[in-house]
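For reference, the structures are reproduced in the following blocks.
Look at the two complexes coming up: chain A is in both, with chain B in one and chain C in the other.
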Partner chain A sequence: MNTNIVEKPKKRKVKHVQENIIGYLFILPVFIGIAFFIVYPFFYSLVSTFKNWNGLVPLSVAPTVGFEMYRRVLSDSLFWQAFGNTLITLIGIPIGMILSIAIAMLLNRGLKFTGIFRVIFYIPVVSSITAIIILWRAMMNTQGPINDFLALFGVKAINFLGEPGWARFSLIMMLVWKGLGTSILLYLAGLQGISDTYKEAAKIDGANDWQIFWHVTFPLLGPTHFFIVVTGIIGGMQLYVEPELLLGGGPSRATTTLLIYLFERFGAHRISEASVVAWVLGVFVFIITAIQFYTNYRREKA
Partner chain B sequence: MKKSNIKANRSIKRAKLFSDISTYVILVLGSVLMLAPLIWMLSASLKVNQFSVYGPLFHEWNFSNYIEVFKTIPVWKGLLNSVIVAVPSIIVGTFVSGLAAYAFAKIKFKFCNIIFILMLAVMMIPFPVIMIPQYYIFSDLDWIGTLLPLIIPKLFGNIMMIFFLRQFLTHIPDALVESAKIDGANHFQIFWIIILPLLKPALAAQTVLWFIGIWNDYLAPNFFSAASPTLPVVIGGLVSDFPIQEPVHLNMAASIISMIPVLAIFAIFQKQIINSFVLSGMKE
Partner chain C sequence: MFKKKWMPLLLSIPLLLTGCKGKTSDSVTIFIYGQAHERSIYSKIIEKFTEETGIKVNAELVNTDGYAETLTASLGTKNAPDVFYSNPASIGRYAMNGVILDLKPYLEIEAEVEDGLDYKNFLDGVVDYYRYDVTTKKRGEGEAVWAIPKDVSSYPLGYNRNIINLSVELGHWATHTKKGAWASREGGMPLPWENDPRTDKQIVYTFEEFTNACRATKFIHNEIEYFGTALIDTWAMHSWIWAAGGNWLSDDGKTVTVNTPEFIAGFTEFIDLMDNRGISQTREQMGVKPHYDRWMAGEVAFFNVGVWDVAAFESVPKELLDYGLMPTPRKDNASPEWYTYIGTLGYAVSSRTRVAQEAVKLALYMSMSTESYNRMTKYQTIQLPNNKLMVDEYLSDETIKPENKGIFLDVIQKGHGKLHPTAMAYNSLWYDAFIAELSRVWKVTDDDPSGEMSPAQYAAYVQPIMQAQLNIALADEAAGV
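So, the complex of A and B:
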């Protein structure tokens, strides 16, 4: 009797250990990949920000300089210009949100053929970004089709890519156009998750369509707004290919984003400074995400 | 009383008809705005030379541009490199991700939840933070300029994919796994024979989205492997400092060729891709 009681848990324990081993085996490849290609470079990068490293010698040989590289980057006016340029492009997020809510509301009315529209709006999203950049470069040309179209209304040819303000405008328009499909689908999913009973209750209370939208639908889309803003900021702060290939960071550095600035440092063998830029960017993104999570959490609790 | 009721009904119907029509008008106008650049692109790719590119739409139908680009622009090379990068990464990476997702969802191993959360936390690290050390790691391995930096890391799976597949697997009852275990199947057999077929719809959407991401990526291929250019790097290389001299008609043809594989796959899987948004939206 006594042996029976002792044996049973032992067997179970053996099985448990087996389950553990199999579980670890199944996640082992992923674990190795993350350790070698993400976690190791992560600490490598952190260490390099406290050294003055040119990338030509091993990192261990480079002199340790404390926060000198941070001081150098944060006191560079070109860095802050790049930071500002990057923030300006984030204007595209609210523009895209307003447009995509409107379109998602129309698509959500359940009329015929709306499936086709969903596909059409998503086509720019899946299109290759370099192909789209080449296309916009040609279209925004002073003799390109957009100026042709504006000429119909008597507008003089605009140098979209050659004038700082217009260059920023062109860049943001391209980003909005390319990203609209994603936020439309996210809002559509959000709208389909809202029960009609809320709207009906508001209607009975005498609310008009605009009041229902503003006081019922819009707040209920909170998680979707949250998701779009956070992913938009995370992606927007890392903007590189679009301003680099569309405008070369110009004119007069008006579209030199943080990542273009980072690659300039990298190209100049100022590797530690480039890493500092990456860390400032990373910390900024982390703080924004944390604030958003916190406010979202509080709203959900309230 | 009755008459006014009918009248009210009629006016409601008329209002609905009006709003339906205006909905369609706005949606059609929006679609035209979304597609206009791509239509112009197609038209420009068929022009005789770069000087007639800015002429009227579809005035010339010079299909030979699409043959010409294969001679003047390294489109073949880019296409081949893109396939070499995308196919093995996706096949092996998807399998590895599926295995991990299964372990996280169905094997009760120690610390599995903590490890899962740590893994998601790793996803918050922006690529710019790790790409410079990665460059030097790849350089020590003599991988810079080859396609290996684009392939090897992807063979170890994709965290995003693991997250979505695990989410999907939690909806599959544990009893299915337990009964297979009683029948004497081991975890790998259960994964291969029972779980993988069940995962198909989720896998289709995730694999296609991942493929599109890899196919269109420019930053990493340009940074690590510019000497073995993938298609986006080839297309990005067409940007010159002298836009006036660019053979815009050929550039447009090459760009369209680079978009065709992804657009074709999107056309086939559009339902799964769009539905995957609805699923992820519900879970938020």
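So, the complex of A and C:
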């Protein structure tokens, strides 16, 4: 009798452990994937920043140089130029947000053909980046359609892709245009989530349309603003394909972003310097995002 | 029950293992790039190699995109290909880090084999491009041969005979070139394919004479605008800078010398030629129709011609493009030397190879066999002959264009060629810094009088940036990294 009482939990426990092991084995490939493709490279790249590694020999053989690679990168004027160029492109985030809210509010009014407009605005998001670049290069040419249009108003041809200031402007405009579709959809979802009772209450209190937007709609879109700003900064700091394909990082390095700078180091077998850039970039994005989360948390708490 | 539970896991193991690719030990792996028509040629040469030697080859022929990154990622591993491309700029780092073999012992063995290919028959001096002394860190020196040339190309000027003849016919040539030494000569300056009466050799224009030739060929006729020249800065400016006595680095390779008076003189002359004399297609026009397209359309009188261009240029009807080769300009009558740059790519062999002798045999075959000459030079010209035993045949073969193709070889063999500046240091980021901001000296639009900076201002601005990058390259080279 006693024996039976002792044996039953044991059997259950064995079965429980066996089931756990099988369960863990099923998720093991995912863990292995994360370990190999995320955790291992994460620490590998961190270690490489303290070595002078060229990628041709095993990392363990590369000489340890302390913070020398950080000194190299942070004292390089080209790094800071690339950093500045990257920050400048972030101007596109507020521009894109303003345009997106405006268009989303129009689409949210239940106008005819709203569905068609949504599709039209989303086309750039799903289009091939190469096709987009070819299109923009043709449009921005000194003898392209944009300059032809400006010429109707007596404006002299603008070298959109050949003059550093205009090249930055062109890049930002292209990024805004390309990202508009996603932002509009997010804002549309946000707007549709705002109950009409808030607006009606504001109306009863005598608020005009602008006041309703500024004091009711805009604050209630807070989570959407937050999401767009956070993802915009993360994406913006990792900008590579668009400036590289549209302008090759030029003219005069005006659109050489941090990732283009990183890739140049990689191509020259200066892998440790490339890793330093990646870490500086990662830490910068982490800090900015943490500040945003904290600010958002404080705002929501208030 | 237990079996059922384990079955998915057991089935997933082969899936995981399929990601692991091994090399077959008895074949030579070659990893090279090229355009589609080049890859087709390489395949045929490799097939012939296997047929003749019985050595199996695992060829990975790819296009240029991503080649360098893929190679970099594999070189430090046991998956490195046996044979791959390397250029003179890379061999220093590869040699210092032990990722490539010194080919000399293997080349010597091949030279001794009956019917083997003797590396001493490469064009004179070209193997030196791939020498690097790991002790003294000197390029072109030492006994070791770290790669053998896949090709050696030069980049002289070309002329379009149609435009020049039209200029003569319309009287522009005489008007613009009856100056200086040619003031009293009937018809003005000798045409680019004519001999200089003073030397009895093909004429080499001075900077000034070349400008005059471009002025004479810049006109509108039958509503077609012809341009004297339309050169691509990053490919062409070297000739003007070297002819003026300038260079990118000091002789010891430790100082960037783009701010010397000689460099600035050549650089200024080139930028003036392109932007400020009204004889070149402008940068605005280039945006509409690139220089290359304009040359192919028969609208540019003088343009650089690379060996690799020959097949494309030959495909254009002669009525549009009847071209020949000519030397790049020299500075003045007191400076007889003209220069253009030599481009070269080599075959290196991985130090991890288990088939070193076979790999070297393949590299030699790809480079200097009769089969490679026939496929890459004779039937279709994508490169010059590497084997000096085939030079006479190349020069006398009238089916190989252009007619005066000997200039290509003169550049390499008669001291008119210099290796590209990127081959002068441990990496090329210092040189890239010069090119990256070159547009600062260009005209912004045709209406603007000049660029943001003069060539002299740009040289002063960019020299410290280049020097900082060069210093890093020198430090890495000293440390053997």
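One rule holds in what follows: the second predicted complex is superposed on the first by the 277 of 302 C-alpha atoms of A that agree within 3 Å, B and C clash if a C-alpha of one lies under 4 Å from a C-alpha of the other, contacts with A are read in each partner's own complex, and residues count from 1 in each chain.
The criterion applied here is as follows: a contact is a pair of C-beta atoms (placed from the backbone, for glycine too) under 8 Å apart; a residue touches a chain by one contact, two chains touch by 3 or more.
Quantities reported herein were computed from a predicted structural model and do not represent experimental measurements.
*Asks:* Looking at A:220 after the superposition, I want to know if it touches chain B, chain C, both of them or none. Which is it: first, second, both, neither?
*Replies:* neither
*Asks:* Where does A:22 make contact in the superposed view: on chain B (first), on chain C (second), on both, or on neither?
*Replies:* After superposition on chain A, A:22 lies in contact with both partners, chain B and chain C.
*Asks:* With the two structures laid over each other on chain A, which partner does A:238 touch: chain B (first), chain C (second), both, or neither?
*Replies:* The answer is first: A:238 touches chain B but not chain C.
*Asks:* One more residue to check, A:87. First (chain B), second (chain C), both or neither?
*Replies:* neither
*Asks:* Could you tell me if A:45 is touching chain B, chain C, both of them or neither one (first, second, both, neither)?
*Replies:* first
*Asks:* Touch test for A:78: chain B only (first), chain C only (second), both, or neither?
*Replies:* In the superposed model, A:78 contacts chain C only, not chain B.
*Asks:* Report for A:266: first if it touches chain B alone, second if chain C alone, otherwise both or neither.
*Replies:* Both partners.
*Asks:* Check the residue A:107 against both partner chains and state whether it touches chain B (first), chain C (second), both, or neither.
*Replies:* Only chain B; A:107 stays clear of chain C.
*Asks:* Does chain B (first) or chain C (second) touch A:194, or do both, or does neither?
*Replies:* neither
*Asks:* Quick one: name whichever of chain B and chain C touches more residues of chain A.
*Replies:* Between chain B and chain C, B touches the greater number of residues in chain A.
*Asks:* Of all the chain A residues, which ones make contact with chain B and with chain C?
*Replies:* Touching chain B and chain C on chain A: residues 22, 26, 29, 55, 141, 143, 266.
*Asks:* Quick one: in the complex, what on chain A touches chain C?
*Replies:* Listed in rising order, the residues of chain A that touch chain C are 22, 25-26, 29, 52-58, 62-63, 72, 76-78, 141-143, 156-157, 159, 161-163, 249-253, 256, 264-270.
*Asks:* Mind pulling up the chain C residues that touch chain A in the complex?
*Replies:* Interface residues on chain C, with respect to chain A: 5, 8-9, 12, 16, 68-69, 72-73, 75-76, 93-94, 97-99, 283-284, 287-288, 427-429, 432-433, 436-437, 439-440, 442, 444-445, 447, 452, 465, 468-469, 472, 476, 479, 481.
*Asks:* In the complex of these two chains, what residues of chain B are touching chain A?
*Replies:* 20, 23-24, 26-27, 30-31, 33-35, 37-38, 40-41, 44, 53-54, 96-97, 99-100, 102-104, 107-110, 112, 115, 119, 122, 124-134, 136-137, 153, 155-157, 159, 162, 186-187, 191, 212, 215-216, 218-219, 231-233, 235-236, 238-239, 241, 243, 246, 248, 251-252, 255-256, 258-259, 262-263, 266, 270, 273-274, 277-282, 284
*Asks:* Which part of chain A faces chain B closely enough to touch in the complex?
*Replies:* 19-20, 22-24, 26-27, 29-34, 36-42, 44-45, 48, 55, 59, 103, 106-107, 109, 111, 114, 117-124, 126-139, 141, 143-145, 148, 177, 180-181, 185-186, 188-190, 192-193, 223-224, 227, 234, 237-238, 240-241, 245, 248, 259, 262, 266, 271, 274-275, 277-279, 281-282, 285-286, 289
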